[in-house]
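Going in written order, the chains are labelled A, B, C and D, and every chain counts its residues from 1.
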């Protein structure tokens, strides 16, 4: 498998990890899920992230999931693997394992204790040294990491840490950050790396307009992410917004912390992608009121999509 | 003016504070803004909150704004005043001033240092003692306050602090919290207080369905908030969602921290409500790219509203 | 009164605010306290800080305390006033008031929401603009402010904000920070400003050795702070440590958050400095077990001081 | 090896993890260190904690360290192993491994994201379920975990989670918490569990007086911890304080975050316990100024110990 590079673009879907109703790994659903994402137009996959319930897996289970996904994609889709860990030794171990299995790269979020600009830079310099020549994605998600990374710190990492090839951008608000990074690379002050956006795609049209290369996030309708990226690339921003707006009420609902993942799995199970919507413990479940909300949103979404002929 | 009670419902708009281009208070725009909110169907107003740039005002300026708003509403709309302060003495002073001017009640957010359930309860018990018989709104906004308040803590405050008459609900996600509080009051375990929702209205239809009494938040189109509440009350939830969906792309954009307020003031100025979109320093301003985003969203919103005949 | 400058040195005692048993301001104790601190060898005073229970005072009470202290010192001791506030307008108001009364300068801690290096710098640049030509002290106390300020950020503030004349250093650990700042000013890269140290004096000997100019902190035996600074200045570091060690068990106890201030006031009342150890509500009180601890420490301290002939 | 119980008392030393100068595990120093702690009077050992640089070890290295320590102690000293992890699956795996090797119990700190009382309780209920019948220590260290645990939450865990047999108490200030827990168990409201205290022993005499059963912390002179506990148990509190006071200046210095561990290893190497003071990267190192501080404190400590005939 070729490695992740600064040229990556499109939609890397954050994959869920399927479990059976009793909480065991469901590897058959993994196959179906990979096929589903590929057919939906995904450019790549990202596995074993926070929303893949990675911390709930044993090391061996993590290896099994990575192996199954990589076997099923069979080199057609690059796979990025979340390897964030409390220490560099564990991070390096997991990274070496998954790169050996054929992953394209890894993703690293900062530990919550980092504060100053220099601390953040030093952390990623240490990460890069630990990971060797493995390309990595810098995950910038202050809402869950507690770490705010200024654009100039990202620029410094880009300039001094060559194996950093992608920014998973999910600062919020973050549109000005994309603009700042693109101005910097356009002016030749920093290497141009790939910027894929998260936050459930809630700002995807505007992010693409600022210079992002696509999305790396989860949503139970990855066709929204694919459609927005595709139409923007084709020079049809209004069409991109039409697609975006049709899915926005549900995307907004799914972006709730905690219950959002339960919503995502509920819809993926309803769509026949995974066998069960189960989250491994400890994990949220949809209440009857939540389910009613989702069903209403799905019905409205279906009507709206037919109105705009998607 | 009658005081705020547990029966409050509808839409309390979080008012901006208008400034001239050079940063001076613009009291004439205050009059126009009050009229605008009233004509849009607001049930009440909330002033001197975080998004009213309250911390940037001197004590005398705060008094002037409150006085002007209260004179213009002239008792037709109840006015809630944000009085959060580092200490209880300053809070009591401001509260006494504005209640003397005719405010209906005050609103208090918790200081960021509170951690345990008991600390949070004790804080509000102390607040109530300091405020005397002034009714107050508990502002529950963890995203900006850093304080997470469990439903059981709110229930304890409701039960033991009788001057707490309203919850400004903007936990996120927070739908299950509304449900828990309503089940508790339905079962007779707690007093039923008013719950008005914040977060820019981004979950308003679902919040109303769970038992919220309306909205207390800002949005440059308060008619969305009013429309959703009205249609839900009239038994037309699908119509409520139609209205909500039409405004959602802009509401989502305006809900960005910092730049969102600049967006709100930009649109209010464009609509002729306030003379200038200026934020007092230090405050964000819209970049040309931001303005382009907003203009596109406004144009699309206008088209969509005409499609659904709003 | 002359204004605070970069040349300040010695011991600026953080003053308590005396209350009567029922919580009223006790201005007569203010006089006695000022005399006590002066006789103990204080070089200056700092009032209306967090440990002066400033947030519990009304604006008028704050003014009364400042006025009384300034009248009693009568220009013999420079007085620094804490003016930290949620907004710049209130900060400027209080600053103008106390400077008009004869204060030497003001002190500003950063709001807890600041994260990146640039945000911290921008905040102090805005503070300086709001304060005009009033010299100010940068309070660097991450344990209570939640803001970690890197040495390079302090250097930038020193270089670009000329009214910043002093660092109240209470980062922990912070010895390397003092060293970094002194190397920077020794090399001519930054202006040399005054560094006075906090944290209850718990690292004072080592801080002086690294280049600090003294202490700005509270302790119920300011003679410890004065003695350490004096003996270091006289070239007697071992004697400085002898004095420090004798008081350290109590200083450590008093440095506990919350209960520490109750301890300080208990001892100051016992020493006849203030009439009552009362903290205004909400405030901690010593339990019988706490009091027993303090009494044991006092008795041991007395014995130890006589052994080393202090 | 018998398992950890509520009756544990004395001094469980937090062991460092020795590395060679190039950062490799130094298992021969592990043997010497175990002997040293045992000869100093330790009742037990705690390994693979934060100050044992556990996150820097691979899973295999962690196993090697645990195995070596357990072989050397050979059942004479109970060994507690830190198993805090981002997820319960990894925690259970490590726990099973070390219990299989003969550990007496495990220790679990809360993840930084926990906020409310119920969230904290639920976390430990889930931990207990994951760990099965393995006894565990609740680590209460808000300064590094960001989680404040109210006494009533600890009481609830004690009452509902029977495998919680010990509190590693390092809240600060925390004396009142010990008192509250002891009053609760004395009154028969909660099971009496072991309370061993951390924070480098900086409040050990007072903690013992409030009802703590001893210490679980690191300090390069464990004989201080042992001596204080021993003298208190023997009814000689003043003697306990004499010992404490003699070591306090150094204990205070070693309690600095980050550089403190470098100080601890420096002294342990100087005392011949470990071959090298090296911390594995990324880790602090002593500057020449730090070393000078430590040497001065050591020299003064030696003099003081001889004065009091220790």
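Definition applied: a contact is a pair of C-beta atoms (placed from the backbone, for glycine too) under 8 Å apart; a residue touches a chain by one contact, two chains touch by 3 or more.
All values derive from a computational prediction rather than experimental measurement.
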Same or different contact residues where subunit C meets its copy subunit B, judged by the half mark: same
Farthest chain (mean CA position) relative to subunit A: C
Inter-centroid spacing, subunit C versus subunit B (mean Cα positions, whole Å): 39
Rounded Å distance between subunit A and subunit B, as computed from the means of their C-alpha atoms: 33
Where subunit C touches two or more other chains at once, by residue number: none
Complex interface listing, subunit A residues touching subunit C: 115-119, 142, 148-150, 152-153
Residues on subunit A engaged by subunit B in the complex (per definition of touch): 172-173, 175-176, 179, 202-203, 206, 209-210, 237-238, 241, 244-245, 248-249, 252-253, 256-260, 287, 289-290, 292-293, 296, 300, 304
Complex interface listing, subunit C residues touching subunit B: 54-59, 61, 85-90, 92-93, 112, 122, 126, 146, 281-282
